[in-house]
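Encoded as structure tokens, the structure appears first; notes follow it.
The letters A, B, C and D name the chains in turn, as written, and every chain counts its residues from 1.
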Amino acid sequence: MAEIKEECGVFGIYDLDGNDVTSSIYYGLTSLQHRGQEACGLAVSDTKGPIGNVKFHKDLGLVSEVLREDTLHKMSGDIGIGHVRYSTTGASVAENAQPLVLSYVKGSLALAHNGNLVNTGTLKWELIQSGAVFHTTTDSEVIAFHVARERVHTTCVEEAVLNTARKLQGAYGLVIMSPRKLIGVRDPYGLKPLCLGKRDNAYVLASESCALTSVGAEFIRDIEPGEMITISRKGVKSDMTLADTVKKRAHCVFEYIYFARLDSTMDGVKVYDARIRGGKSLAKSYPVEADLVTGVPESGLPAAKGFSEESGIPFGFAFYKNSYIGRTFIKPTQKERESSVHLKLSVLDAVVKGKRIVLVDDSIVRGTTIANLIRMLKEAGALEVHVRISSPPFLHPCYFGTDVPSNDQLIAAQHSTEEICKMIGADSLGYMEIDYLEGMAGGLPICKACFDGKYPMVIPDENNLQNDFEIHKI
Amino acid sequence: MAEIKEECGVFGIYDLDGNDVTSSIYYGLTSLQHRGQEACGLAVSDTKGPIGNVKFHKDLGLVSEVLREDTLHKMSGDIGIGHVRYSTTGASVAENAQPLVLSYVKGSLALAHNGNLVNTGTLKWELIQSGAVFHTTTDSEVIAFHVARERVHTTCVEEAVLNTARKLQGAYGLVIMSPRKLIGVRDPYGLKPLCLGKRDNAYVLASESCALTSVGAEFIRDIEPGEMITISRKGVKSDMTLADTVKKRAHCVFEYIYFARLDSTMDGVKVYDARIRGGKSLAKSYPVEADLVTGVPESGLPAAKGFSEESGIPFGFAFYKNSYIGRTFIKPTQKERESSVHLKLSVLDAVVKGKRIVLVDDSIVRGTTIANLIRMLKEAGALEVHVRISSPPFLHPCYFGTDVPSNDQLIAAQHSTEEICKMIGADSLGYMEIDYLEGMAGGLPICKACFDGKYPMVIPDENNLQNDFEIHKI
Amino acid sequence: MAEIKEECGVFGIYDLDGNDVTSSIYYGLTSLQHRGQEACGLAVSDTKGPIGNVKFHKDLGLVSEVLREDTLHKMSGDIGIGHVRYSTTGASVAENAQPLVLSYVKGSLALAHNGNLVNTGTLKWELIQSGAVFHTTTDSEVIAFHVARERVHTTCVEEAVLNTARKLQGAYGLVIMSPRKLIGVRDPYGLKPLCLGKRDNAYVLASESCALTSVGAEFIRDIEPGEMITISRKGVKSDMTLADTVKKRAHCVFEYIYFARLDSTMDGVKVYDARIRGGKSLAKSYPVEADLVTGVPESGLPAAKGFSEESGIPFGFAFYKNSYIGRTFIKPTQKERESSVHLKLSVLDAVVKGKRIVLVDDSIVRGTTIANLIRMLKEAGALEVHVRISSPPFLHPCYFGTDVPSNDQLIAAQHSTEEICKMIGADSLGYMEIDYLEGMAGGLPICKACFDGKYPMVIPDENNLQNDFEIHKI
Amino acid sequence: MAEIKEECGVFGIYDLDGNDVTSSIYYGLTSLQHRGQEACGLAVSDTKGPIGNVKFHKDLGLVSEVLREDTLHKMSGDIGIGHVRYSTTGASVAENAQPLVLSYVKGSLALAHNGNLVNTGTLKWELIQSGAVFHTTTDSEVIAFHVARERVHTTCVEEAVLNTARKLQGAYGLVIMSPRKLIGVRDPYGLKPLCLGKRDNAYVLASESCALTSVGAEFIRDIEPGEMITISRKGVKSDMTLADTVKKRAHCVFEYIYFARLDSTMDGVKVYDARIRGGKSLAKSYPVEADLVTGVPESGLPAAKGFSEESGIPFGFAFYKNSYIGRTFIKPTQKERESSVHLKLSVLDAVVKGKRIVLVDDSIVRGTTIANLIRMLKEAGALEVHVRISSPPFLHPCYFGTDVPSNDQLIAAQHSTEEICKMIGADSLGYMEIDYLEGMAGGLPICKACFDGKYPMVIPDENNLQNDFEIHKI
């Protein structure tokens, strides 16, 4: 039940046999929907047709709402990209949905971006001072504009993308479609994921391996940090120029804690295994006598399973989750809430009555949700509720695309663990040790700045640049 | 992953303190959504206002789609009823959505019905032969019409309802709203559930206890088979006249196997406990050496837990379920399906590789789903897959509102268990023993006619009555 | 620019050669749209198919909004009826749209009704007292219910319709579709129009002859007052039984003044000719020295032409009408109105400057519109504005379906002609002489009760019958 | 019934007293709707608020469809512009709707454009070669981009607009909104109209004077050809620099023949007077003995009136026009058409029977419409039909924004007047003399290139520049 939001997921596919890829993008985006539920879109082109011929559709809403059958039937092509979005920068408006599709000197350019740059202001300032105009407030339009400028004096689009990438600071997993090429780039720290798959003679790029599986593609490998992959009629070409620009690697640890789908493998580490390890470490660090280990559905269940395996305390379900509470659900008023806390999750009192319970979740943000669940468990007859959290306390902002609330909303920024334990009504509370994060992530070099404040790069101060004006389509 | 469909859920509420009940109906229907996803609606009235003043809204779609904030804001009242529908009789059209709201001799009448009558044809014939006209093809309109006819010569609405109920044969859980009274009736066999709750000075009727919980009401008791409950300014009145018209009780056993929500209690039996018992009985009847017990999400998970508890084989998750596969999901074509079976469920290969697996589900209808899952498990490295089904094989039609496919689509009607085992690619297959059904249902008298063909009442042959003409609103 | 509203238009067609009639109904309703812009609908059936198979569609909105291409493509049949509605009885809600489509003892029944009964309350009381239920608050449902009751003991549907018609008091032009017959009935006073046409082997019934023309049908004749026409495989059959039940004929004179389309012929009188005669009579009754005769677009133009022909004063256009002021037009606030009176009509100052003008319109209701126009003309330089109205002053309510505002809103009910002339800022004002109405209507016997209060039948007092409860679909 | 399409209308307003101008733009656009029915939009800003704060809305559809009350309620500001569009360049897609709203170096920029440039390709080529990206295929984006580039090195926005305008070749009436200024520019030939009005302390720019009237503004004067008007807190400033760049003036004569609204005055000439003069000239050039002069509604009526005044033959209405034939009207199939020609226009046979008729229209494009009308008149009993057209025959393409069909669709490009007369079934046919066009337009210097092929400027050949790629939002 994490309240931390991922920003985006990207998908790209080029079928060298010329088959239509539209429905594959649809299924790929459906498998990446957990990375962004605010908006989505896709763009397709036919590499055998005239240069610069692109059809696209994007809007606010879920994949199943935005990409309807009648819309998809109007699109076809052998190359295409797609995007799911949760906005962290740029207003939550339809214009800011991706992919961004533009015409430029060499035809059309489509771009989908996962992550957040930290020098967008400077990059945009440079453009706008030389007379550029902007239709959106997204990083993606700034990137596309730089690619277009570079393309004027370079010999191929991948060179223009590479020159642009040299200027980008921050986190990015990018897929770019030019008239005849599909390009993927990953930031040199490896903050954002991107992987490559293959189905027959079609190549697929995706934020997560689960999207490869969903379209029947075989996982080939992760794109390396700083690697640019170009898929064209000539096959797959890798460029590692950018990789050497930084020494460090810093994969976002939150992918393993919560963002990534349970069935994905990312940079060689199975997400399921990482979460089981996280639960086991909690059992080692904070052992407790109890009758039942349970997790907050769905995000807390794997770590709860790990806690159970390590501790030997039986795992069980304590909650029923109503899967019909959709995005349009009308929330109860404060008054109604008092009498109706059980709408989204209700307790299986047959399970919890008379038991000492270990309740595992992936994180605590404001603390109100976990407090409600503890109260519900106790009302249903639980004798004790011991809370175990499979991440350390949040204390610092993320500049790379994860939407951590501001400090005044973070309970851990205001209170000690003992205070929080009391505030939420738990009998004990244990957060994952910060030193175990690398272990959980299978030994990978990680970015854990939201926990320890140590950012992998210097964050530029761009407060003096006013580029983003409030232009709202009503 | 049951493919058997429930027909409906009903909800009614009367707040004697005069508070608005609209949002409570909304939350109640949200909690009953699992009982019907095709259409829904609600009707409210103000018992302090003029007689016969009712506002209602209903349409095809989920509660979250049909009952939007702007619609609900236009409605208010201290009495109201609601309905969620999956059509088993009557066309799948907006006009057949419930509640049915009519004007009659005493003002307005609103009615919501769960279940299926077996003598609707005769009841409608009687009306139509004396000059009645019908707007829908639902049982509900026939019932309402009889109530209206009875009301002409009776002294109160509950007497008219009772006289009507005497004529009804089949399964029903009914809630009826007259201008000043809320009435609930349950068929004398107790085929369909109905229960009573209370919140402050408001009385609530609902198909399941989970709907009481969701609105903060306390469960009082189940309505008895054949009982009529009348809630008015004078409080709650019970009438048992109808109960004595039949000797037998026959609660639908499928409520315990699959229909009812895991956190509901029905006729004194906790649904969760029943499913755990089901899983345990499978472990006793069909023991097997294995490394992991898992269930098909979500319906197979509780019985899998029971199997694990009885057998001592560890319980675990083998599948990831994509919760964004909505009603509007565009299904893959046959060709796409071959390469993309993992859209809705994908295997956690970290869990299943090299393991002997017990796979539990609630039922097998056509057999194609379970065959796919077994194949996916084996492709992910499972050594063996032993299938256990927490219900006996379907062999007979249900006349009471459950949508069992016809015999030619039921794999069990065409093949022996051994044949099915081979067809689905399982290493062994065990169905729940038919004699254990009462035990699973906590010793209740049950209707299990879909398994053994022994119906609790005679099913009239109405094939010679042509009443239902094809009138379709486009 | 009449502010008096007609209630409805009806259309029916039966193609004995079996051709699809759906698009003909669409075009027929488009030609009758001036008779009702609130709601519309159509129902079609195939007389060669199974009994009682009907498809229909209806909703609030214009024909072009409600009957879209994708909807019509789902419908086909060789018999059908349609309706356009402006509500004078029954709430302005989608459920009250017509045709009404029902199932009854002999299959399906569809009904469309133009006009207003004066004994609906009594007819409904009779039904509701014997146990009937109602879904709408329309006259049409009451009529259909009586037809269904009569059908039980009659030998054919036309006999049931005839028996029902005997009970109806008031104004009606009815078209009824039974599984194999199309029936038209007109009230014995002839208050509401109905005519018959033929195209190849298809028979057409319509409220106005312009609808026959629009589908390429030849006008055969008007249905006689009190006549029932039955179209079946055997051809056209006329029944005059009902005609003799009353002696008087009383055609609604307002059809000639304003309701009917300029190109229709009704009961032998060309509407265009009637309006020209009306204008001529004004020129005779109220001659004036002037330079230009003009009419308020569109309704005042024909009478203005007549005034010009009689007086010899040249006819011209003084106003430009913006045809893009649609139903969804956002009206200016009072403050905005002061500065922007010219949105719907603007003055052609090149025409009016320095001229003495005769301004003709069909009626004055509140007087605000004509006052605005006079002011605009004078601001544009008109020297004098002489107003001539091609109907007498409204003084009495209409019970037959015309929506005359209540007395306190009728300027003529509150003020003398002299007072009105001064209030609206005219230099002179003349209403049509009440004695000339028959002459204008070509000598027909007319109902002019809204002018003289002499109703052709006794209007029953039904105030003591409360049948219509407030049931609103939100 | 002209089949020639105008391209656009523009509107701008700045209320120096700070009042909200949103509804004024709405009313202004409603009055300009005849200039474009494909798409519309508006943008507003508050000059007292932060720099660059703009709200806008635009979409495909009529003003009454796109600008709904709930949308307008979310917008407010004291400065704003609006646009109605019929596409002649750029695809008919929502993205190409105007105003175009962008952010640039000085905040936000909104732009609305009426007319067509002839050197867009070159202007875009220049930008795209230096790395620009484009979201649309409109002239407007090219203009805005050039303004943004110029703004980098100029001291005020009007200087940037002026530098840009120097580069533009073709026809334009432009309104531009910068954060604190409203600017209007008209091309130096005066091909497209633009005028200035005032209401209290608010200044208004509009394509036609009727839009000033509709918002209660007083007409001040036409913007001169080549004039740039800047409205700011300091008042109204005029710049005539551009005017001297060309010697010629060439007002589009088709504004007087058909485009402009009957109640507008344009460059000192009343449109009504011009059309009357046109009709009179036809009567002089092609006199005929006849009983009735009539026009094709609505476009042919004023010239018919002029013909009547000159010839003395009485003017009358011969057709009824169904005003409910909307944009969504489902057109009859060829087969249906044969029997149903009367849907949009029907003949008043009472008027035409036995008469010799002069039928006036503004133009003939394909000839099919007029042929239908002549046939209808003769079927209704007209003895003779003499056609008079108030413009010369179309023979040449228009490069300035008027959508004249290609030569193979123009009947006059393929046939002599005698042949056309025979083909359409007329008894005689007369087109306006080309030499009279200046006279009709009140002596103004005009562009009549679509009639004589003499264009006021050299049209560059841009066929070798491929800038516009097919990027379609589905």
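Keep this in mind: a residue touches a chain if its C-beta (ideal position, glycine included) is under 8 Å from a C-beta of that chain, and two chains touch if they have at least 3 such contacts.
The shown structure was predicted, so the numbers you read here are calculated from the model rather than taken from an experiment.
S.K.: When every step has to jump to a touching chain, what is the lowest number of steps that links chain A to chain C?
M.R.: 2
S.K.: How many angstrom lie between the centres of chain B and chain C, each centre taken as the mean Cα position?
M.R.: 49
S.K.: Could you work out how far the Cα centre of chain C sits from that of chain D, in whole Å?
M.R.: So the centroids are 37 Å from each other.
S.K.: Starting from the mean Cα coordinates of chain B and chain D, work out the distance between those two points in Å.
M.R.: Averaging C-alpha atoms per chain gives centres 62 Å apart.
S.K.: Which chain D residues sit where two or more other chains touch them?
M.R.: none
S.K.: Can you name every chain pair that touches?
M.R.: A-B, A-D, B-C, C-D
S.K.: Chain B touches which residues of chain A in the complex?
M.R.: Against chain B, chain A makes touches at 23-24, 26-27, 30-31, 33-34, 37, 62-65, 67-69, 72, 199, 210, 213-216, 261-263, 270, 272-273, 298, 301-302, 305, 315-317, 320, 322-330, 332-333, 336, 338-343, 346-351.
S.K.: Contact residues on chain D for chain A in the complex?
M.R.: Spelled out, the residues of chain D in touch with chain A are 50-58, 71, 74-75, 101-105, 107-109, 128-135, 137, 141, 144-145, 148-152, 467-474.
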